[in-house]
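Comments concern the structure below.
A, B and C are the chain letters, set down in written order, and residue numbers restart from 1 in every chain.
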Amino acid sequence: MPLDTYKFHDIIHRCFRCGYCKFPTNWMDVNNCPPYARFRMEPYSCGGRLWLTRAWLNEIIDWSNHLAEILYSCTTCRNCEIKCPLGFNVDIVNMVVAARGEMVEQGKLPPAVKKFLENIDLYGNPYGNARSKRGAWMEGAPIEQYDGQEYLYYVGCTGSYDTRAQNSSKTLGILLDKAGVSFGVLGSEENCDGNEVEKLGEAGLFEVLAEDNMARFNDLGVKKIITLSPHAYNAMKNLYPRLGGNFQVFHYTQILLELIKAGKLDLSKGFNAKTAYHDPCYLGRWNGQYETPRELLETVPSLKLIEMEKNRDGALCCGGGAGNFEIDLLGGSESSPARRRVREAAALGANVLAVACPKCLIMLEDAVKSEELEDTLAVKDIVEIVAGACCT
Amino acid sequence: MYALPFDENRCLNCQGADCLVKCQYIEIDRDRAREEMVRIARGEDSPVLRECVTCYGCEEYCPMGNHPFYLIAEKQEALGIPPVPGPLVRRAVNLGLPFRGEPQIREINGPVLNMAAFSELTPLIQGKLFEGLPVISTDGRKMFHYFCQLMYLHYAKSSVIKERLPGVIATIMRHRPTEVICFHDECYGTYTSYCPGVGIDVPFTPVHFFEYLYNRLSELKDLIRPVGLKVVYQRPCSSRLSPGKHRFVNKIFRLIGADEVEREFVDENALCCGGTIQGQRKEGSRKRSAAIQRKNIEDMKKAGAEICVFNCPACLQTLGGMVAREGIRPVYMSDLCRLAIGETPSGWR
Amino acid sequence: MKSIYEALVGIVDGEHVSDRPEELYIYSFDLGTAQPQRPDYVVAPRTTQQVQDIVRLANREKIPVVPLGGGLSLAGLAVPLKGGILVDLKRMDSIIEVNEKGRYAVLECGVSQAQLTSYLARNHPGLTHSEPGAPPTATITGNVMIHGQGDLSQPYGFNSDLVNGLEVVLPTGEVCRFGSCAIGASWFTNHPLPDVGLFFGWCGTTGIVTRLSIRLYPAKPIRGVGQFVVENEELVPEIMEKITRTQMAEDIIAYSRAIPPFGMGLQHFTVNIAADSEKELEFKQELIWDDALGEYIRRGDGGYLGFTRGLERPQISKTSDYKKGGGFEYVGGIMPIETYPRCYRSGREISERHGIPYTVTGRCIGVGHSMMFAWTYAFNRADPETIRQAREALHETDDLVLELGGVIWKPGTYGQRLIMERLDPGTRTLMKRIKEVLDPGGIMNPGNWEGI
């Protein structure tokens, strides 16, 4: 594609590669851009990606799998947009996504990305698991199929299929039930939310997924949605409305906080641990929800909330965004963002690293294992912490 | 051309010469005060032209309906004795020149809020108090098309005001407003005091921001929960041009349950924020400005203020950090009002 | 026999060596107007030993080695003019030691300005370093190596004057240490051993610095910027002289620029003032604004614009976006301060002739011994014509620096040629001999100081 038909042709050259985008808010290191932190070579920096994109579109360099991997290694964590001081900063991630869109268009994708998208297209999840198994996670739990209840509890692919994340999904269902919330799930009728698909540049497939979901929600009369994953929260809250979606969307942390405030959950058992909270990008930087999860954790008796230096809009991404929890272009090294992140929590003296996203959960738990920190640091979903503190 | 029809006979017949006798920055007795004003009116030099800190106070003090401060500014310009050094004058005069294209004009045909040269402060005009109110001058690159220019009184550049102001009014009129709510009360002073004073026609009805806030709060009365904070108010120089609207400060405080603590430098006796004084040519101006600021803030502290309420962004810029360092929180009036109706103003933690 | 690529992988690892087009493309650029030139290999070592092994390999293979720090010199100094191995040193980014009492920090060569600023603020709030005001990714070592300046250069001199010790990998692969660390003592001073100033200003042609010790200074809790403005550029040198004489200021900068238009034609000063107490702050302000500059205010020639608390560190620079085009480059001249008026007028004239809004800045160095005067030219990276214009303006400005009796700071190849033409023959011969002794294979950043 010639550069002039690229959506951002009039701004992509404005990146100077000054490197502000590599830093967290407190400037402590250059490791807050996940791919750059992982590889520490300039092509993997935000500026490197933009310059390479421009060079590719200008036909100065050819497409290669390596080029595509550099582009797909961006987790769309949005740290760059927070730090870049220039006027075009709001479009940095969009520029990467548009370049990926062009690769999708040309059918030139890294195999793992291709597989990820194919699986979602065929099976409604990136893992290639059977659609019929999507509801298996709720076996034995007091969770009903959605049938006009007040809330639809949307679980998402990771929460449905990943064995570790399933514990979060199930625990949330049990807690909602305990608090008397009127809710139901779609089980095997649920489809992928499409957030990652959109960020991987597959706009067409995203539209199909979004429209399929919205049609189902509308047929069932869904008005309010609780999501387990910040990624689904982002898709349904910010992307679906562009296609006509009109739902009230909540991340589960918002709902749990309200339930606790209303006295619907009794946390008097407490949770005795020095706990650091890891901000998920799609709750934090994408949706400005920094305080709700913290407030929620602070309601838990005996829990001591401590802050990592990289927090809120300066948090380091776990490295799992934009499909990387499965595509895994950033894994396999002690420089992987997830491993850097758990080392930060451990160095702070945290016993528990609390997360609010199933993708962060699996990424960081794997990292704890790789770092051999299992004896000192546990990764827990906030919902697990709340459930642990809850009197039965 | 526009001119200030100053009537020196009114000064000659004035008993009190309050314009200068009440001035907080010039020591002068009644007889000399009258004498100096007449000399100034006749175009003669006067120490007052050099001593004036341009606080606008005399505009309020004058009981005769003259415009002593406008006169002082005109004569400072005519005699070539600007209160600030030349480079500051040049910088300021150039500051008000629009240079980034023409504004986008949207016809409103109704009341409108004019942000004037404070486009970047649109975070202040959020929430229920401003719902449904069309706003003009929201683009920081174009805001000087809406800039009332009155600031140039501080620079003895009345000529610049007269030259540019009709164009600014014309720009505002292209939006076809009926009432123009002035975010900054210097704009309000411009359109209700300066323009009539020098004969510039104002084809819309200016509305003072605080009057608007008061009326909106009255409509939203059910939402008001008394804020119960001890407040003081930093009155800006431009408020001297519309003393009749100053009462809305008090009315708003009463309405939202803010406890306006008693202090010395209040109402007519208010002190300048010092922003304009620190750079003046008169020897010792920087120290003088700092001393005034200290006196002002000490007075706030003595009164037990928790909050210093600001009207003018320039005052806040000058004094905000200083009051904050003394443990008094600087807050815009509109933000305090938003707090009273249960909203969280931007930047309020 | 192993290929160079395989040998590099053997020295570092597979992830930090590349000969693929993507890496070679990105590392071919300087961010200014210099023509890009692709290296043959890119390598990002983590240790001094790895740097040594890379340099030895390059000697064996007779292939150039180009060291790269933040890559922000804007003068093309790390463009691999003759290809070869580009060594990205930013992975070597450990802060090894901060000595509170001796006021110095020992750093690996890849530590960035913002990293040290942040580290000191969080761990040693009583200390600070001389930060250049470059983008935050600029490295401490890179800045020192090019005789950079910072916001403490006014009282203490060039940042290269603030070095307490160095560890250098020589072009032949040996490691040398300089300063007190050379005799096994701590890295607390660069004196008083025999002087071997072989590395600063050599544009990476005499070795690769892998560690250095840099002096730190008291960070006073109150820091802020006062501003002053005059219309007549002829007044700038005497005002600089008066402010420096008070010895009450940290950074002193005079600047003038076309955008925003309200400042056009005016000369603004920013004066950094630091204090431990309000009393100290007022004392310093009184000496500067009232006593030293009061006469200008009273005469109406100079205006005090106020004092703003807080220092933006690292600074946020938007210069590259002036033309909404992602590029700028400047010529920095180390100039006698009395040349300020001519620097300003000529710079403005050159800019206007090339259709570029003018931006000139003079930063005082060493209590007024000199200033770094920067003529900045923005360009649009997507418009080759604006790049050409900026390059022409830059070359004209290089000529101007020498014409006005200054020295070109961090010269690119054009400026290097101008300097060599004028260089004292004895000095030139000595430099040539030093270069031959240190780098017999001529592998270090060739194309720079070529033909010395």
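Everything below uses one rule, namely that a residue touches a chain if its C-beta (ideal position, glycine included) is under 8 Å from a C-beta of that chain, and two chains touch if they have at least 3 such contacts.
Being a predicted model, the structure only gives us computed values, none of them experimental.
With respect to chain B, maximal separation of chain centres occurs for A (centres as means of Cα atoms). Central chain assignment: C. Criterion: smallest distance from chain C-alpha mean to the mean of all protein C-alpha atoms.
In whole angstrom, the spacing between the mean C-alpha positions of chain A and chain C is 40. In whole angstrom, the spacing between the mean C-alpha positions of chain A and chain B is 49. Chain B and chain C have Cα centroids lying 46 Å from one another. Annotation for chain C: no residues touch two or more other chains.
Contact residues on chain B toward chain C in their complex (touch as defined above): 82, 84-88, 90-92, 94-95, 97, 99, 275, 278-279, 281, 283-287, 290, 318, 321.
Within the complex, the chain C residues that touch chain A are 15-16, 18, 20-23, 25-27, 29, 31, 42, 44, 70-72, 88, 90-91, 93, 112, 114-115, 117-119, 122, 135-137, 314, 316-318, 320-321, 324-328, 380-382. Interface residues of chain A, counted against chain C in their complex, comprise 11, 13-20, 22-23, 26-30, 39-43, 48, 51-52, 55, 60-62, 64, 66-67, 70, 85-87, 309, 333. Those residues of chain C that touch chain B in the shared complex are 229-231, 260-266, 282, 285-286, 289-290, 294, 296-306, 309.
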